[in-house]
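All remarks here apply to the structure that follows.
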Amino acid sequence: MDVTQLAEERPSASAEQSEDAQLKAILEAVVYITDEPLSAQQMAAALQQPIDRIKRLLDEIVAEFAKPEHGLSVREVAGGYKMATKPEHHEAVRAFVKKLTPPLKLSLAALETLAVIAYKQPVTAPEIMEIRGVQGVGVLKTLLDRKLISEAGRKNVVGKPILYKTTKEFLVQFGLKDLTELPTLKEFEELGRLEIAEPEMPEPEVPASGAPPEASETQNG
Amino acid sequence: MDVTQLAEERPSASAEQSEDAQLKAILEAVVYITDEPLSAQQMAAALQQPIDRIKRLLDEIVAEFAKPEHGLSVREVAGGYKMATKPEHHEAVRAFVKKLTPPLKLSLAALETLAVIAYKQPVTAPEIMEIRGVQGVGVLKTLLDRKLISEAGRKNVVGKPILYKTTKEFLVQFGLKDLTELPTLKEFEELGRLEIAEPEMPEPEVPASGAPPEASETQNG
Amino acid sequence: MSAPLNFHLEHYDGPLDLLLDLIRKQEIDIYNIPIAQITGQYLDYMNRAAEMDIELSAEFIFMAATLIHIKSKLLLPRDPALAELIPEEDPRKELVDRLLEHERFKSAAEMLHQKRVVEEAVWSNPQIEQFMAGEGMEPGLAVSLFDLVKTFQGVLERIKTRPTYEINKEDVSVPDMIRYLHHVFEDGPKGESVAARELFERQKSRRAMICLFLAMLELVKIQALGLVQQEGFGEIGLKRLKGFETAFTSGEQLAAIDEGYN
């Protein structure tokens, strides 16, 4: 690591300072990325730096984030350092998160039901159960509540069951002008078929190279 | 929210300052927490603050984290603000990233198809094949699966083919603020001419753990 | 025509890729392509690929035809008088334009790749899930149109592999329907009733409905199922009773019913 190289090459005060800044930056990034609090010892060992130096820099980071203009804090928790939002802003952050337009969330059961309605509409609850091969249509209520489907009269068979269809909101949510824009099953199968014709191509991947396949789940990308 | 209450109570300069600090802290916490980049508009609306003020404070946050002693950065990505580690510390940080998921690896064919969609969107599968001079659009399914592209209605020509466009996820994955940040195709033409003189592609800013293959040399099929 | 090139028979992603590679590796001026030379090398590649049993797609053959066509056009003399009236376009122009466009997208792909290299060197650690969990809020999952059609496809696939109860056939019998009801109530929620109407609606034929009706009566008679009605003139439901399990485990009563319908 170039940090240690720097230390050997130029022991001048300004070099020491810029090296401190770099080390501090690395510590900040490390504290941010780890879910489990890491101790100063662990970080010192991994970065091959004296523990005192690491401790001093961590103290500086803690002090920096303690300033009121920061909404994050770095705290010593369970023998390690952890980054988190400051509790005094939780109410504001919570209110903020609540206001975010929630993405369209659907359970698999709801998505399946919606898919069946989209492609088979107008369709009755018993027909949906028949197609899905699953008893119970509780998710219909979820879809009705979300205004993704609506009632469309009754089917003229025994019992006159309610028919369901998709709504305008459904079109909006899926970015469709009208129902004819729904991809057909044929088109979908075409994609799958062509994929067999042109396989996943394991070789050569980009980036090829001996890069270790490591990245966090939370990798920004 | 107490921020707005404060504004009404004490319009003095120092109150304004401490309120700025508090707002900034909330913005920092919000950017830290959210996984989808949020726009200044969204934050302004949620915090009931003028957009100009929010923009100014976000700019200050971006500038603060840009300093070398910070290992985190706040960047404008996909029309919003996103916190992440700085690329220059990747070697040190990588060692601490625990959750291993395979990174987004795309074949050259997939990258080329993605490039065509990015520049020609909305575009149909036949048009993509025409430009690439290749039959088969199997990679479209891969790109759809990875949510890098999505359907964008249908083209009003014979057969009504599905149109494709890039997604917000595409911007996030490729670290783009918006589509206008992409170099123009004309710029590539000039690049192509330079390439004749010097066939080596310029090194990427951050070297991967192995040399990435040169697009011009590594062909696949 | 022998090419002094050392292609190691790379696998090209289409004919445009191959042509571009030939042109660029030999540092040929793309605006003045020696068509005869390039056509020869192109065909040479195709022959070698064939020798090595590398299957080339139809576009490669189509491009070969295009190259030969351009070559012959260049060979044919033109009426100089006509050429003055209508200046003829270079027959190579269309191909050159396509090659240049293709090259631009190859560069764009390279640019995207480099952006990914940078993005793969940064990590983001959003805490929204942790935050929402701490605050008792629920995170969600966004859904796309593609997910919708994929899901529907999945449902249809499942139908194919699902064990079928022979209730669509015309020769459906009362014992068939008893087995069908067993299936419905076996997995179903214990205390809840199922609307008889729903069960009838699922039947495809009149005969199936009659058999279902008789099967219901039989099971009610042996106390395997009970009829429920929440309110006067309300919907009639069927409910699993205590006798359900014994009826289907011992099988004696059912055998007797089967006998009766044979």
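Note that the chains are named A, B and C in the order they appear, and that numbering of residues resets to 1 at the start of each chain.
Following the convention adopted for this analysis, a contact is a pair of C-beta atoms (placed from the backbone, for glycine too) under 8 Å apart; a residue touches a chain by one contact, two chains touch by 3 or more.
Because the structure is predicted, anything quoted here is derived from the model rather than measured.
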Selected pair, greater C-beta contact count between A-C and B-C: B-C
Of all other chains, the one whose Cα centre sits farthest from chain B: C
Between chain A and chain B, centroid-to-centroid distance (C-alpha), Å: 15
Separation of chain B from chain C, taking each centre as the mean of its C-alpha atoms, in whole Å: 28
Between chain A and chain C, centroid-to-centroid distance (C-alpha), Å: 25
Touching two or more other chains - residue numbers and ranges from chain A: 32-33, 35, 85, 93, 97, 175-176, 183, 206-207, 215-216, 218-221
Sequence positions of chain C contacting 2 or more other chains: 113, 116-117, 119-120, 122-124, 126-128, 131, 144-146
List of chain C residues in touch with chain B within their complex: 10-17, 21, 24, 27, 57-59, 63, 98, 100-124, 126-128, 131, 144-146
Complex interface listing, chain B residues touching chain C: 32-35, 73, 82-87, 90, 93-94, 97, 103-104, 106, 108-109, 111-112, 114-116, 118-119, 131-136, 144-145, 147, 150-151, 173-176, 182-183, 185, 188-189, 191-192, 195-196, 199, 201, 204-208, 212, 214-216, 219-221
Chain A contact footprint on chain B (complex, rising order): 1, 3, 18, 20-22, 24-30, 32-35, 38, 42-43, 45-47, 68-72, 82-86, 89, 91-111, 136-142, 144, 150-154, 160, 162, 172-175, 208-213, 218, 220
Residues of chain C defined as touching chain A within the complex: 113, 116-117, 119-120, 122-128, 131-132, 135, 137, 140-156, 158-159, 162, 184, 187-188, 197-198, 200-202, 209
